[in-house]
Amino acid sequence: MMKTLFFEDYAPGTSRTSTGRTITEADVVLHAGQTGDFYPHHMDAEWCKTQPFKQRIAHGTLIFAVAVGQTAGEINPEAFSYGYDRVRFIKPVFIGDTITSRCTVKEKRDDPKRPTLGVVVELVEALNQRGETVLAAEHLLLVKRKG
Amino acid sequence: MMKTLFFEDYAPGTSRTSTGRTITEADVVLHAGQTGDFYPHHMDAEWCKTQPFKQRIAHGTLIFAVAVGQTAGEINPEAFSYGYDRVRFIKPVFIGDTITSRCTVKEKRDDPKRPTLGVVVELVEALNQRGETVLAAEHLLLVKRKG
Amino acid sequence: MMKTLFFEDYAPGTSRTSTGRTITEADVVLHAGQTGDFYPHHMDAEWCKTQPFKQRIAHGTLIFAVAVGQTAGEINPEAFSYGYDRVRFIKPVFIGDTITSRCTVKEKRDDPKRPTLGVVVELVEALNQRGETVLAAEHLLLVKRKG
Amino acid sequence: MMKTLFFEDYAPGTSRTSTGRTITEADVVLHAGQTGDFYPHHMDAEWCKTQPFKQRIAHGTLIFAVAVGQTAGEINPEAFSYGYDRVRFIKPVFIGDTITSRCTVKEKRDDPKRPTLGVVVELVEALNQRGETVLAAEHLLLVKRKG
Amino acid sequence: MMKTLFFEDYAPGTSRTSTGRTITEADVVLHAGQTGDFYPHHMDAEWCKTQPFKQRIAHGTLIFAVAVGQTAGEINPEAFSYGYDRVRFIKPVFIGDTITSRCTVKEKRDDPKRPTLGVVVELVEALNQRGETVLAAEHLLLVKRKG
Amino acid sequence: MMKTLFFEDYAPGTSRTSTGRTITEADVVLHAGQTGDFYPHHMDAEWCKTQPFKQRIAHGTLIFAVAVGQTAGEINPEAFSYGYDRVRFIKPVFIGDTITSRCTVKEKRDDPKRPTLGVVVELVEALNQRGETVLAAEHLLLVKRKG
C-alpha cells in the first residue's frame, strides 16, 4: 500500500475513481457529533420541510472529508499534503444520495520556496448518483523531485 | 440562535473565538471510521514511532471539520456557505493537543455574477495550546445585501 | 461563551428555546451502545409491532440527555449543577420525532446549608413536533450570591 | 430475559449490583457528540488544568445514563418507567474512574390516581472504584397490582 | 452476573435465546467505520440495486459479532473462549432485518492436550424475523473440570 | 477496485499484508456498543487488575472483524464469502497493541456440491507489534471456475 512516486512521475490528466458510498442519516448524526455542528439544516427534519430544499442537507465538511477519504489511494512516502484551494459546495447532498469521488492530476507547478519539491494539484470531485458534481476542491500535494 | 445579518452588517476585523477542545484518540478513530482513511499516519502508533513526528497525527479533514464546527455561531438566514479558499495544514495536530478556533471577518467583496449578494471572507484559524496556528482557511459566505 | 451571572441576576419567568433536533435511528443505536441498554423496546422493531406503541421508543435517558444538551447555553462560571428533580417521561418519543427544548427559570430558593449560594430551579421541557411536552425535569443550579 | 413481577412481588431492601465499567475518554467524546454539550469542563484538558478539579469531568447525563443502563435487569412486562426523583451528582467522575451501579427497592407507594397500579421506588446509586457514591437517583416504576 | 460452571455442569441440548435486535443502517455504517470495510455491497445503495439482492447487505462480521454479543450470558470464571469453528454466512441480512440468537450446548469433548479442561461446543445461531437461520457458528469453550 | 479473478487464478502461497492499526480504547468501547458485550474483561480496568492479564482485553470479535477488514483487498465479482473455519484467539490483544494482518492463499479445493465453483481457503492471520500471531482463521471463498 506504499508506492513511491516522485514529482516527475505524476502525469496530468490521469485520474482514479472510487466506489460509491451512500450518505446515510447515521453519517450526518456522527458528523454533527464529531464537529458539534447541530444546525437545523442538518438535524431538524421538520424545520427543513419549511425551507427551499425540503429536507436535511449533509454538512459540507462531511462531504469534503468523505471525498478526501474516498480518493485516498496508495501512500506515497515522498509526498505530503499542503492544503486545499477552491473547495466548493456546488450542490446540496441529501440523506440517501450516493457519492462517488474522482481524483485527477490537474497540473504541476514549481514551488518557488522549495526547489527540491514540486506542487502537484489534484482535482477532487464528488459526484452524486445522477452524475452531478456536488463538491470540488484542489488538493495541493508537495512532492519530492527525483534528483 | 437565528440572527439576521445583511452584507452591510459584517464589519471587517471583528472576530469570535471558541472554547477549546482536546483532540482525542477517540476523535481520530471516529474520523477514520467516518472517512475510511486508515492511513498509518493516523492509526499505527508503532509505525509513527519510526517517522519524523514520532506519533500519530490527526487527519487534516478532522481538524478542518472541528474548526469549522467550533466557529459555527448564530445562524444567519440571509447567508449561505459557498466554499473555502486556501485551506492550509500548517502544523501537525497530535492526540492530546487542544484546539481553539477563531473566525475573523477578513474582507468583503462584490459578487460579480450576483448583484443582490456580496461575498464575506471569514478567516478561520485553529490554534493549539501553545498558541500556534495549526490550520487556516478562508470561508466564503454569500450574504444578501440590504436593499 | 462564558458569562458571569449571580443568583440575583436570574429572573423567574425568563426562558430560552433551542433549535429542533430530529431523533434518529442512529441516535437510538448510539445510545444503546453507550449505555448497554438493548431492551427490545428500543432495538427490536418486530417485537415493537406487537406492543401498544407499534414501533421502537427512544430511551428516556437519551431524550433527557438531548434536552439537557440542547438547553446548555452560555457557561456561567459562578454556577454549578446540583442535580435534577421530577424527571418525568411524559410521552414516548419515536424515531423521526423532532425535539425542541425550553429552559425556564422557575423559581429561586435559599440554600439552607450554603448561605453564600442560592438555588435556581430551571424547568427543562422537551417538546415534540406537535408541541406536546414529552419530557420535563427541574434542574437545580447552585449559584453564587453577589455579596 | 422477560420476567413478570407484580407490585406485590417487589420487596423493599432487595438490591442488585452491576459489574464495573471504566469511564473512558471515548465515552465522554461520544456523549458530547450525542448531546451537543461540548463544554470545556468535559472537552478541554488544558482549561481544566486551571480549574479546581485539574482534569476533565464526565457529563452528569453520561453517568446517569450509564448507571441506568447498568442496572437494567430483566424486563418486567407489567412495569413501566414513570421518571426519576432526586437525581444528584454527588462527586465528579473523571476519565479512568470505574463505575459500579446498585439498584435497591427503596419503598412502595400507592398511586393515588391509578388504583390498579403501585409505585415502586428504586434507589439507583453509582459508585466509583473507591466505593464513593458519585450519583444517586430515585427511579419511579409504575407496576400493575395482582388483583 | 458471575456464575461458576464446571465442564461437568454443561448439559448438551440446553439452550438460551436472546431478545431480538433490528439491524439498522447505523449498525452497518458503524461497522464499516470500525473495520475499514467500505465495500459497495454494504455501503452503496445505488450499486446494490444492480446486483442480485437489490439492496445493501450487512457485513458478515457484523452479524457474527452481534450474535456472539447477544448470546453472551452470565460470566463463567472457569471457562474461556478458544475460538470458533464452522462460521457460516447462510443467508444475507438486510438493513431492517431483526436478528435473534440462540446458543445451544451441542457437545462436550475431551481436550487431548489439557487433561484438566474439557471442550464445550456451543452452537450459535442467528435467526431473522422469518425464523430463517442466517448465521451459524460453533463456539469452542475450554472449561475447567471439577477436580 | 474491482478485479475479476477465477478459481484458476488463485495461486497457493501468495499473500498480502496490511498496514498496521493500533487497537485503541475507543475501538473497544465502540465494539462493546456495537455488540452489547460489556463484560468486565473488556470494560472494567479495575477488575482486570485483579486478573492474570492485569489489563483490559479487546473482544475476540473485534480483532476478528478488524483483521477481516484489514485484509479486504480488491473486490472480486466472481467470488463470495462462504464462512470461516478454525477461528482461533491465540493471544490476548491489549489496548495499545498494533495489529497487522496477512492473508495467504492456503489451498484450493473442489466444491463437491457446486461443480462450477471452487473453494479457495485463505489463511487470515493477525500479528501484534512483536510479530506474534494473535488470531488465525481460514476464510472459505467460493470462486467461479473459468470454463
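Every chain is named by a letter (A, B, C, D, E and F) in the order it is written, and numbering of its residues begins at 1.
Basically, a contact is a pair of C-beta atoms (placed from the backbone, for glycine too) under 8 Å apart; a residue touches a chain by one contact, two chains touch by 3 or more.
All values derive from a computational prediction rather than experimental measurement.
**Student:** If we define chain centres by averaging CA atoms, which chain lands farthest from chain C? Would you check?
**Tutor:** Result for max centroid distance from chain C is chain F.
**Student:** If you average the CA coordinates per chain, which chain's centre is most distant from that of chain D?
**Tutor:** The chain farthest from chain D, judged by C-alpha centres, is A.
**Student:** What's the distance between the Cα centroids of chain B and chain E, rounded to whole Å?
**Tutor:** Taking the average C-alpha coordinate of chain B and of chain E, the gap between them is 43 Å.
**Student:** Measuring centre to centre with CA averages, how many angstrom lie between chain A and chain C?
**Tutor:** 37
**Student:** Quick one: report the Å distance separating chain D from chain E, using the average Cα coordinate of each chain.
**Tutor:** Distance between chain centres: 30 Å.
**Student:** At least two partner chains per residue is the criterion; list those residues in chain F.
**Tutor:** Touching at least two other chains: 19, 21, 24-27, 29-30, 33-34, 36, 38-40, 75.
**Student:** How about chain B: which of its residues touch chain F in the complex?
**Tutor:** 24-26, 29-30, 33, 38-40, 43-47, 56
**Student:** Can you check the complex and tell me which residues of chain A touch chain E?
**Tutor:** 19-22, 24-27, 29-30, 96, 98, 129
**Student:** In the complex of these two chains, what residues of chain A are touching chain B?
**Tutor:** 21, 27, 30-31, 34-37, 39-40, 59-62, 64-66, 68-70, 72, 75, 81-89
**Student:** Residues of chain C touching chain F in their complex?
**Tutor:** 30, 32-34, 36, 38
**Student:** With touch defined as at the start, can you tell me which chain C residues reach chain B in the complex?
**Tutor:** Checking each residue of chain C against chain B gives 1, 18-19, 75.
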